[in-house]
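Everything below concerns the one structure shown next.
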C-alpha cells in the first residue's frame, strides 16, 4: 500500500468506502444484538439460568458470553482506557478460549443464578454502547473482529433457541417458549426425486470478499465423480416408514457406534417425538409446545447415526460435504426458512417444482464427511484461532443452515459440525447416491 | 369412647380443650408457613429454581413440596370437594412417596423453571387458605396430619437454607443469601472438659404427649455403662490442629470407606472452608457470604467420616445415640442458637461455665449409631409411613438440631440421619470416651 | 507374674501346657493350610487367576495373600534372619493393610497372570516350612499371631469358594468347580414355627479363653425385651411365594436404597437362580454346576435388602445381632453343615423336631444390626488392628457361619459383615418378631 | 462362463491355474495358522485368559475366534455334513458379527477361564484338519473366504501381541512375553529431511488382482496439491524435545478432545515409557520386558491426539491418507521390519540414505484422515460385510503396518483404523507439510 500514489479523489473514494462499510457493520451489529435480546424476552430469570445438559448452555450465558466476546476481543484489546464491566465476568463467560484464561467448568453453567438476567441485559447495554462509541475510530482489523463477533453471536442465537427447546422438553409441563409464527406446516406430499449432478474438477471452500470463518478457507480443488442428490429432505412420513419396518431394531442398518448408542439409550424415534400408547408418535414437541406431527415436514432432530442408518435402509447414502457444497453453488441462500424474529420456528414442507429444494434453511443437513481441515487450512492468529480448528476430530459436517439460523448467516461453504450422537439441533437428512 | 357417660360439663370441657388445640395448631400452621415464605424472599426466581447436586433441591421445590404435602395428605384426603390446584403438581412436587404415585426424577428438579417462584407462592396461598378454611371441621386425626405437615415443613426450612448455601458456594461470585444477624461469632477459647455421666438402665425414645416422628417411638429400655462426654463441640481452632498434624493424610485415623472418600475427593478441610495459598484457610463461606473463620466457633459442615477420624485422632470416640439422648434428658432445648427469622444463621462459640453446652442448636452432632429402628418400632399407616422407616440402612443418627433448625422443632429423642459422606448440613462433633 | 513363687512342679506343668498348645497350634496350622491348597486343586491356572468383580479376588490371590500374612506378620517380624521369598510379593498380595505399605489396586488383581498357580503353591510350601521350623521357639505372642493367621486363612477359604462360584457363573458354559458331596438336598417341608425367647439383661460378646477376633470383644451387657425367633431359615419354596406375590415389584416392602438397587439392577430373584421362559426358576447354579432348585432347602445368596423386604412382606422383621447371639448361646456350633473338604457344599433342609435349627452352618443369617463397635471395643495394636475396626460403617452383621465356613471356625459371638447389596456369599434369612 | 467354448488345452490350463492357487492358499493357510499358535506358546493358561481392558482380548480368545471364523464362515456354510466342534463356541468366540447371532459381552471375555488354552489349541487342530480336508473341493468363492480368513487371522496376530504387551504392563513384575530378537535397536541419529511429492490427479485404493479388504476398494481418483513428506518417522529423541518444551502442558498444541484426554488421564509421555524420579524416562516396556529407551528408534505407542499435537508443535501436520498412499505407491512393502516369528518385535531406527524410509513396517503411521468410505465403496455381501464398513465413524486411518504386522500382510492401499485416544498398538508419526 505504501508504494501507491493516490489522487485526492481516489483517497476520498476509499475513505468513503471504508465509512460505508463502517456504517453497514454498525447497522449489522445493532440488528444482531437486538435479536439476541429479543430472543430472551419471553424467558423468565429461571428459564434463562438453567442448563439441561452439559452440551447446552443457559440462555443467560449465551447473552453474556457473546457480550464478553466483544468486550474481550475488541474493547479490552483495542479501546484504550476501556475498563472491564466486571472483572469476574471473564471467568464466568469465557467459553473455551484457553488463551483467555481459566473459566468455570462447562457443566456448572446452570448454577450461575447470579448475575441475574436483568444484570446480564445491563451488561449487554454497556458493551453495546462502548462498541458503538468506539466505532468511529476502528481500524479495518478491529472491524473484522466486530464482524466476527456478529457472526459468532448469530451462531449463539441458534444455540440459545435449541438449548431452550431442550430445557423446556425436560419439564413435564412442556411449556411453549415462543408464540407460533403464522406459517402453515402442512403441504401436499411430493415423492422424492433424484437430481443428477455432474462430476469433474471443482473448486470449493470460501475465497471471496464476504465474511467467512477460517475453517471454510482456503479455496481448494476437489475431483468429484457424478452423483445423484435427493431433491428435498426426508419427511416425517418417510421416517415413520423407517420406524415401522424395524429401522431402530435391526443392527444391519447401523454403524457399530450408532447401534451401541441406540441400545444404550433405547432410542426409538427422533428427539422430541411424543409417544402415545397405541397411537405411535402423533405429536412432537417444538418451540411453541406440543404440536401435531406434520407428516410432510422434514424429519428433524436426528443425529448422524440415525441419518446414516436411514440412508442405508433406503439403499442410499449421505452426501459428502463436497457433493453438497458443489450442488448448492448455484443457489441463493437468502430465500429459505430462517430465523427472523423471536417467534417459534420450524422446518417447512418442500415446495413443489423441479430442482433441489430446502438446501438452505429448514434443517442442517448431515453429510458423510468428517470435520477436518480443508487442504491448506490455517487457523486465525491469536485466541480467535481456537474458534474452529481445535474441534477437528470426531465430528461430522452439516451444511445449509436451519430454520433457527439467522437469515443471511449462511453460505454454501459454511461448515457446521457436531458429534455423531448429538441431535438437539435442527438437523435433517438429504439422501445421495452413486451413479 | 361411646360407652362413657359424661356430664354436660365434662363434655364441654373436652370440647373446649379440642378447640384450644385447634386454635394452637392453626397458629403454628400460619407461623410455620410464613417463615418458609420469608426464607424465599431474598431469592430470585433463578436462585429458587437451581439444584446444585442430586442431594439438594431447589428452594422453589421446597416451597411447593411442603404445600403439596398439605394438599395431598390433608385436603385431597379429608376435605370433600377439594379440587387440586394443578393436577400436574403431584408429579412435580412429590418427593419420594411411592404410595402417592410417579414423580420427576430427583436429579431433574433443577430443570423445572416453570412454574415460576411467583406461581409457587400463589399455590402456597391457595393451599393455606384452604387449610385455614377447613380447620373448624378437622377431626383429631386430620389435625395430627396438619401437625405432621408443620413439622415436615420445618425440616424443609432447614433443607432450603442448606441447599441455598450449597448452591451459592458453586457460584464464583460467592453471593450472600441472607443479611447477617447481629450475633458476635468470636468468644474466649475455653479448654474442653469431660463431663461424667452415670450409666444404668435408661428409658429412651419418645413417649409423651407432644408431637414426635414415628422413628422416635416407642419408649424402650437401654442399658448404658457410665461414660464421659465433652462439655462442648469441637472448635475450628481444634480442627486446624487436626489438619496441621496430618489428619487428612494419615490413613490410620480413618474408616476404610472414609479414607477412600478422602482420597477420591481430595478432601483437605471441612466443606466451605476457603483455601488461600500460603495462608491456609483464613475464611469460610456462609449464608452471609465469605467471612473470617471464627476460631472459637464450633467446626461445621463435616461428615461422619471426618467426625469419626477426628475422634480417633483425639483418642476419643463419637457418643452413641443412647449416650447423647440420655445426657440431654435434663436440658431444655428451646434456649439454643436456632432459626427464628430469615437471617443469616451460624453456630456460636460455647458459653462459659460448667456442664454440657451446645447440646441443642448450633450444630447437629454426629453419633456413632446407625439409623435403625428402635425396639418395637412401627411406621405410621398409609403413605406417611414412608416418612422415616424406609431410610433405615446406611445412614447415621445426628442429634440436637442446629442453628438452621427452627426453634421448638427439636427434642432429645429427635433423630436426624444422613449418609456418612454427606456434609452440606450444619453438622459438628462432640467427643465421648469410655470410663 | 514376677511376684509369683512357683514350685518346680508348677513350672513344669505350665511348660507342658505351653508345649501342648504349641503342638495343637501346629496341628491346626498344617490342617488349615492343607485345606486351602486342596480347595485350589480342581482349578486351572486360568481359573485361579481371574477376578469376576472388584468385590471378589482370584483364588491364586487368596492362596498367596494368606501366605503373605504369615510371612509378613510372623516370619519377617519375629524370625531373625528370615529373608522374604520374593520382595515383590508384598506389593502383590497385601490386601488392605495401610500399615504394611502400598499394594496393587484391588480391581487389578485379576491381571496378575504371573506368578503362576504353580509358583504360588511353591511360595506356600516355603512359608509353611519356615513357620514349622520356627514353631519351637515361638513366644506366646507369636503363637497368638499364628492362631490369628489360621483363622484369617479360614475366612479366605470361604471367600475362595464363593469367588470361584461367582467366576464360574459368568462363564456361559456354567462349569462345575467341585465334585458333588453325597448329601441329599431334599427333605420333607416343615412349617416354620416361632420360638419364644425370654428377655432380660444379657451379657454378650466374647470373653472366654478361646480364639476370637477383636470385634467380638469385650463382653458387654445388653437389655433385651422378649422376642420370637423362627425355628429355621426361610426356604426356597417360601421365597417363591414372595416372588409370585410380587415381592420384587412392590416398593412397599423395600427400604429406599433397596428399592433403588432392585430397579437399577432389575433384580427378580436370588443370585444364581436360573430363569427359564415359562417355567420360572427351576434351577440354580452351585459349586457343582447347575442343579434343580431344592424347594425345602433354605434360600441362599440373598442380600440384606432382600432379606429385609422378605421379612416385611412376611409381617416380621430381621433379628438384631443381640437377639441372635443370645438365642444361640446354648447351642453347639460344631454339628452343622460346614466346610470339611474340597467338595461341593450347599445348605441343607432343616431337620425335624422342636427348637432352633440351622443356627450354625448352612447359611450366614442377616441381622438388622449395623456392624459397629461393641461398647468398650479396642482394636488390636499394630497393623493387625486394621483387621475389623476400619470397616465399621455401612455394613450389616451376619451370624452363624455357612456351609462354606470351615467347621470349628464359628462362635455365637462371631461377627461377619457385608454391605447391604452384597449377595455372593452363602447368605440366608431367619425371621424374628416382637412379642 | 457357460457360453464359452474352450479347447481342452485351455480348460486344462485353467484347471492347472486353479490348482496352483489352491495349493498356494493351503500353504498360506498352514503358515498363518502355525504362526498364531507359535505366538501363544510362551503364554501360560492364565496369561492367555486374562483381558487387561475392554479394548483388548485374551490371547486364547484370539486363538479361538480366528478358528471360529473359519468354522463359521467356511465349514458350516459350505462343507456339507460338518458338525460344529462345540455349539457353545459361537456364543463365546463371535466377536461382533450381529448376523452370526448373540455373543458374550466384550468386556467379559477375560472371565472365560474355560475352555482352557489346551482345549482351544485342540479346537484349532480340529478346524485346521477340516479345512485341509475340504480344500480339494473348494470353489473359488470358498477359497476367497479362506483367503479372507487368513488375512483376518493375521490381523489378530498383531492384536494378540499388542494385547499381551498391554496385559503384561499391568503386572508390577513387568514380565517379558517373548525372547529378544537379535536386532540392534540403536543407530546413528539422522536429521529428518523433507521429500517433495508432486501433486496432480491420482488414482488410489485397491483395484488389482491380489487380496484386499472391502474398505480398500474401489480405485478412485483424488486431486492432490504437491506436498512435503518427512523422510522418516519421528524418533524418541525428538519426542523428548517435545516433552521438555512443555508439549503435554500447553493447550495450544492440542485438539480440544485431545486436551481433555491429556488432562483427564494425566498423560505425560507415550504409553509404556517408564518414569524414574529425577531421570525422566530412561526406560520403556516392550515385549521383551523393560529396556533402555532407544533414542534413535521411532517413538511408538502414541495416540492420534499426541501425533497431531506433536505435528502442530513442530510446525507441520499429519499427512492425509491420500498423500501417504500416493507417496508409498512406488515402494515395496516386503522389506521392512515386520513380524516373522514368535520373537520380541520392536521398531528400528531409520536407515541412512535419501528418499522415504520406514513407510512399511516399524510402526503404523497416523494420518489426518477419518476412516470413511472411499467413493463408490460397497461392503461385502452377508455377515462378512460387517468386517469394516460398520466402523466408519469416529476413527482415523493408519497406514503402512508395523513391526507386529505379519510380513506380506500390508499394501499401500491397506487401511487400519483406531479411535484417536487409542495407543496400545504399534503406532508412530511421520510429518507432512504444505508447499
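Before moving on, here are some points about what is shown:
We call the chains A, B, C and D, going by the order they appear; numbering starts again at 1 in every chain.
Convention: a residue touches a chain if its C-beta (ideal position, glycine included) is under 8 Å from a C-beta of that chain, and two chains touch if they have at least 3 such contacts.
Small disclaimer: the values here were computed from a predicted structure and weren't measured.
Listed here as common contacts of chain A and chain B: no chain.
Chain centres computed from CA atoms place C at the largest separation from chain A. Here the CA centre of chain A is 39 Å from the CA centre of chain D.
Remark: chain B and chain D have CA centroids separated by 61 Å (rounded to whole angstrom).
For chain A, residues touching at least two other chains: there are none.
Across the complex, chain A meets chain D through its residues 96, 98-99, 201, 220-223, 225, 251-252, 254-259, 304-305, 308, 317, 368-370, 372-373, 375-376, 390-394, 396, 420, 434. Taken together, the chain D residues at the contact with chain C in this complex read 44-50, 52, 60, 88, 91-92, 104, 108, 110-117, 167, 170-173, 175.
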